[in-house]
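Labels run A, B, C and D following the written order; every chain starts at residue 1.
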Amino acid sequence: MTISTSASATAREWADLYWIVPGTVACLAFIATVRDPFALDILVTTLLWAAAASAWNLSGGYAGQLSIGHAAYFGIGAYTSTYLLLIYGLSPWIGMLIGAALAALTALGIGALTVRLRGSFFVMATLAFGAIAHIVAAIWRSVTGGSNGLSIPFEPSFARMVFADKQSFAILALALLLIVVGTVLLIERSKLGASLVAYREDDAAARALGVRTLRARLIAIMISALFTAICGTLHAQYTLYIDPDSVTGLSFSLQVALICIVGGVGTLSGPILGAALIIPLASLLRGALSSSGSGLHLVVYAVMVIMVLLALPEGIGPSLMRRVRAARGK
Amino acid sequence: MLETLLQLFVSGILAGGIYALMSVGLTLVFGVLRVVNFAHGEYMMLAMYFTFWLFTQLSVDPYVAILIVLPAAWLFGIATEWLLIRRTLDAPHIAQVFVTLALSVLLQNLALLFWTADFRSIFVPYASSVVEIGPVLVTWSRLINFIIAIVTAAAVGAMLKYTYTGMAIRATAQDRRSARLMGVNVDRIYSMTFALGSALVALAGVLVMPLFPVNPFSGGEFILVAFVVVVLGGMGSLLGAVVAGLAIGVIEAFAAFYLGSEVKQLVYFLFFVVVLLVMPAGLFGKRGAEVMDVT
Amino acid sequence: MLKITDLSVRYDGVLALEDVSIEVHPGEIVAVVGANGAGKSTLLAAISGLLRNATGSISFQGEELLGKEAYEIVGRGIVHVPEGRRLFPFLTVEENLWMGAYPEHARSARLQLIEEIYGMLPRLAERRTQLANTLSGGEQQMCAIGRGLMSKPNLLMLDEPTLGLAPMLASEVLQIADQIRRRGTTLILVEQQVGKALKLADRGYVLERGRIVMQNTGTLLLADADLRRAYMGI
Amino acid sequence: MSLKPMLTSSLLGIAVLAAAPATAQETIKVGTVFPLTGPTAVFGTQNFQGVVVAAEMINDRGGVKGKKIELVKADAASPQAAIAEVNRLITQAGVKILVGSTTTAVAMPATQEAERAGVFYWEGAAIAEQITERGFKYTFRVALPAAGLGTPAMDYTVKVVAPTLKRDPKDIRVAIVGEESSFGISMADVNVAAAKEAGVQVVLRETYPAGSKNTDLSPLILKLRAANPDVLIATAFFNDAVLLGRQMKELRFVPKAYIGTSAGHSTLTLADALGDAVNGTFSSSYPPDVNPGGLTEQARADLTEFKRRYQEKYKVVPSVQEVVGFVAGWSLFRDVIGTAESAEPDKLREAVMKLDVPIGSYINGWGAKFDAKGQNVRSFATVVQWQDKKMTVVYPLELATAKPIMLPAPGSK
């Protein structure tokens, strides 16, 4: 898999902080001034996807382990906290952590099983694990409610992580995104990050140099799963309804990877750029075109995604950086 | 009891024949172009619609429709390869995968726009007639489909093995650069392989039309099993795709009968994972091939 | 026969070849020598049409090759036997040879050609049904050269044919190259084994960081003190 | 390929967005929340088109209190999309009345979001019981919940099949199979419970994957053959209904009665797919063509007009889902908005609670009377039988248009 090394090299230049702070301020300003639930819904959704994509990016991007089975972790997070809330009245704040721990353990298991697989074989193995999670969610009715899904009562309270207004949820999603981005930032600059990139670029050479790539990969996939599960809990608390298709479906796994790829895999800003483009685009197109023929909005969406991928195959972030650098160079 | 076992086995094998045919084109395209084509199922869906249309508008029997649908699928394959796939070959692997994914969304929703979400099916009286082979009941159309699938796979295999073009296809799969140095017009091989892959999955589409209905999302439902089959068989391995297709069909039938229909897919996914753990290159994968596709 | 003028190749803004001019006459062996990364393989890739970003001119028998596709160039009788053999690993030896005769002009004569090659390289005949990836390094090199000859080339370009071979085998391979020339095929020989290559070659070019720094007959180059110091450690 | 085409098309998207219809004063806007893309689009679209025809019919008859109904269309293909679309309809299009949703996965979050915003939600056909169990003020359901739709299958088994076979219900063996979806699971649960109550033996209960994932149901049919039930009750969407119908025949499994529960078994094109083999199949279902004797004169006229218009507009014959969509729209426009003081949610709620529309007033024989939870108690299911490749109501007897035939099924043992 070719992923530009120069992109991660520039990422090292702390340049990221130039956009994290203004980005956060812009979000807060948006939350403080905008009252339109439609716009806030787009913001919340974008932030949640950005967080999930950033988490995916840790193993999918930095380590180059393209997973299309992350829905398994998302589902574990969503179902664990929801089940504990509905059956034992346990606060999702705690349920979220338990779900995250379960997801990390699952990831350790899956990671250990798939160490020998590379390339498309790894991709397909993750696809299979995602599919297994989906089937289990559908047939384990006593826990997941099966296809009927689970519904969280709308009883706003901080302890139940249910909020009457969307602003609170937007702040929560923003906080989560910042935590994920902060973690990725730390990892990127640590030995762990270097090991991941070394694995991605050339495993044999890295190991010959004494880099413990296996350990690094397992840690990365565990952290990735952990945050994905937390996103799952937040998703459940936001939509207040989960079912196997919406939290363990293949569409989640594909979407989260697509966001990273559009934005630029293996870069800190990639998942955020990707989410900021893809999510509002999908929502706005649906809004603008759903009064026309059924499916038209998805036709336009697909065409636009194809054009972006063809024009900027390495993602928006790296391509922009390259242009900026080229401009500076002149 | 024995009768049930036999019946299950035969049903599984017959279903597996179609899985094999769906997967042969996918594995070829993967082997040669190194493209995991997520839109493969949509080619099948389009072929099903085309067959439906020929049947209802022009009363063309589905088995005759093969003669019309296959060339059309071939041309459609050439067109998409030229318009899209070719332009992604130098892109990172993942960008490539997601271009085909977006293509599948595009084709599904174009189909939705043109033909609505309603299921369409055709009724051919002879399709449901039954042959008795000993105690086993075999549906005519399923049997014919199986024979066509296996003969087609064998023909493709022979073409790859014994013709110059087939050898060039294999050579391109193994080393693009060397193939170019031998004077192979690699772009033409790509285009031809993609067209062949499209025609093969279209054939599967025509064959199943008398058996199940089609709607814009039918392809998406079939593609998952085709992926499992392709990887299980060893990516790029034609024989592997056929064997794995039949195996999945049989596993599904036995799992459904003994463990319950709701877990039949769970069983073959688990089987798939176990095989990958033991044989990371699939059943018939060439040693080292699992890293060959890392661009 | 082959006349290259001011050939430049740029990768990612870096010049890999700069204004390279080379001439090859019929029946010659021309050696191109130089250190690792000097641009030797890039030169051959440019001639055989694998690169799209070359500028300058490559004229073969009066015809411009630059801008032509690789398969068109093979069709004109130029064959490039790449570094590292690059056989088709899961084709048999015989299938690899058949692939060599892929161009239209060679296909009709392939039965006769393959017998000639088996005659010249008897080891391949013994192994004809084996998969190419089961061959030893020397056998693989023979097979790669045989595959190149299967297209009845006018000009055969060998890229590092002795790389990774034991000295005995390396000499054997170079002898085969000489044999091929005597049968009337022109050769370009790219080598890091500067001494052996120049001894065999009629003329030689020395490449350094993408530029031709020396050119002369093989014998005179061999006698050059600078060259001996730089490349042969003498 | 450059950035330019991408930019122009996204600008185009924004332009379309900005040009969202400037609405005339004299309309009542109603947002429609149905899945129109994705795997559940089939039924979502059928429901939606029923609503569209209802709106056109009411507008051509002069609208509601002189105002035209203006539908604002949304596409809610997933829970997430349902939330986004409901919010868009409310804040961008200024809609205060919503009608939806077909599936539970759309209905649950959509009604939740509407309730939070204080917007009126008129649910048509989503069947999960919990939709009206959450104490929502503005959510009402016209069609019946799962229990209502599923139980006629068992009622019919006890009250018609058993006597016809001259057997005690306790000696009747049933097999209950269904697809792995909210709909399939609910139907199976309801029938298993009803069987227990009636003392009918359940000899097999099996769930199979939903969607069009099944290519071969012969293992299931072999199991059925081994279990040897008298009655088979099956919940299947169209694909599996076709597969079941075909493969049961091929593998010579013939129960004495084969009863589907709506969905695939009540889809008109089932006859195209199965040919004569469809005849004799039952389906417990929303009523399609009920006996006109059970309808008011107005409803009969409405039915004729609906069918004509639907066929003209969509070039297909409307069936049960389209009819339910129409009834949902019709009851909302004519009877709720038409009798409310204003189109404000609170006033609409008042109007709903006061509704007393007798059975037989809507084109499928339903009426409207809502309980405190917001559930219409005057909707019911019927049992239809495919006779001469057409669905014919055979139960309950007041609405029946024909007597059941082929019972026990020829060839059954």
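Keep this in mind: contacts are C-beta pairs under 8 Å (C-beta built on N, C-alpha and C of every residue); 3 or more make two chains touch, one makes a residue touch a chain.
Owing to the predicted nature of the structure, the values given are computational and were not obtained by experimental measurement.
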Neighbouring chains common to chain B and chain C, by label: none
Chain occupying the middle, per Cα centroid: B
Chain B and chain D, separation of their C-alpha mean positions in angstrom: 35
Length of the line joining the C-alpha centres of chain C and chain D, rounded to whole Å: 73
Centre-to-centre distance between chain B and chain A (centres being mean Cα positions), rounded to whole Å: 31
Euclidean distance of C-alpha centroids - chain A vs chain C, Å: 50
Multi-partner residues of chain B (each touching 2 or more other chains): 87, 109, 112, 116-117, 216, 262, 265
Touching two or more other chains - residue numbers and ranges from chain D: 1, 36-37, 41, 45, 180, 207
Overlap residues in chain A, where contacts from two or more other chains coincide: 138-139, 294-295, 298, 303, 310
Chains that touch, pairwise: A-B, A-D, B-C, B-D
Residue numbers on chain D that touch chain B, as the complex places them: 1, 36-39, 41-42, 44-46, 180, 206-209, 211-213, 215-220, 222-223, 226, 238-239, 242-243, 246-247, 249-252, 267, 269, 272-275, 277, 316
For the chain D and chain A complex, residues of the former touching the latter: 1-3, 5-6, 9-10, 13-14, 16-17, 20, 36-37, 41, 45, 72-75, 78-81, 83-85, 87-88, 90-92, 104-105, 108-109, 112, 115-117, 128, 130, 134, 180-186, 207, 210
Chain D partner contacts - residues on chain A that touch it in the complex: 36-39, 41-42, 45, 138-139, 141, 146-149, 151, 153-154, 164, 239-243, 245-246, 251, 281, 283-291, 294-295, 297-298, 300, 303-304, 307-308, 310-312
Parts of chain A lying in touch with chain B, wherever the complex brings them together: 1-3, 66, 113-114, 116-121, 123-125, 127-129, 131-132, 135-136, 138-139, 250, 254, 257-258, 261-262, 265, 293-296, 298-299, 301-303, 305-306, 309-310, 313-315
Chain C - residues contacting chain B, complex: 48-50, 69-71, 74-75, 79-82, 86-91, 95, 98-100, 102-103, 107, 147, 151
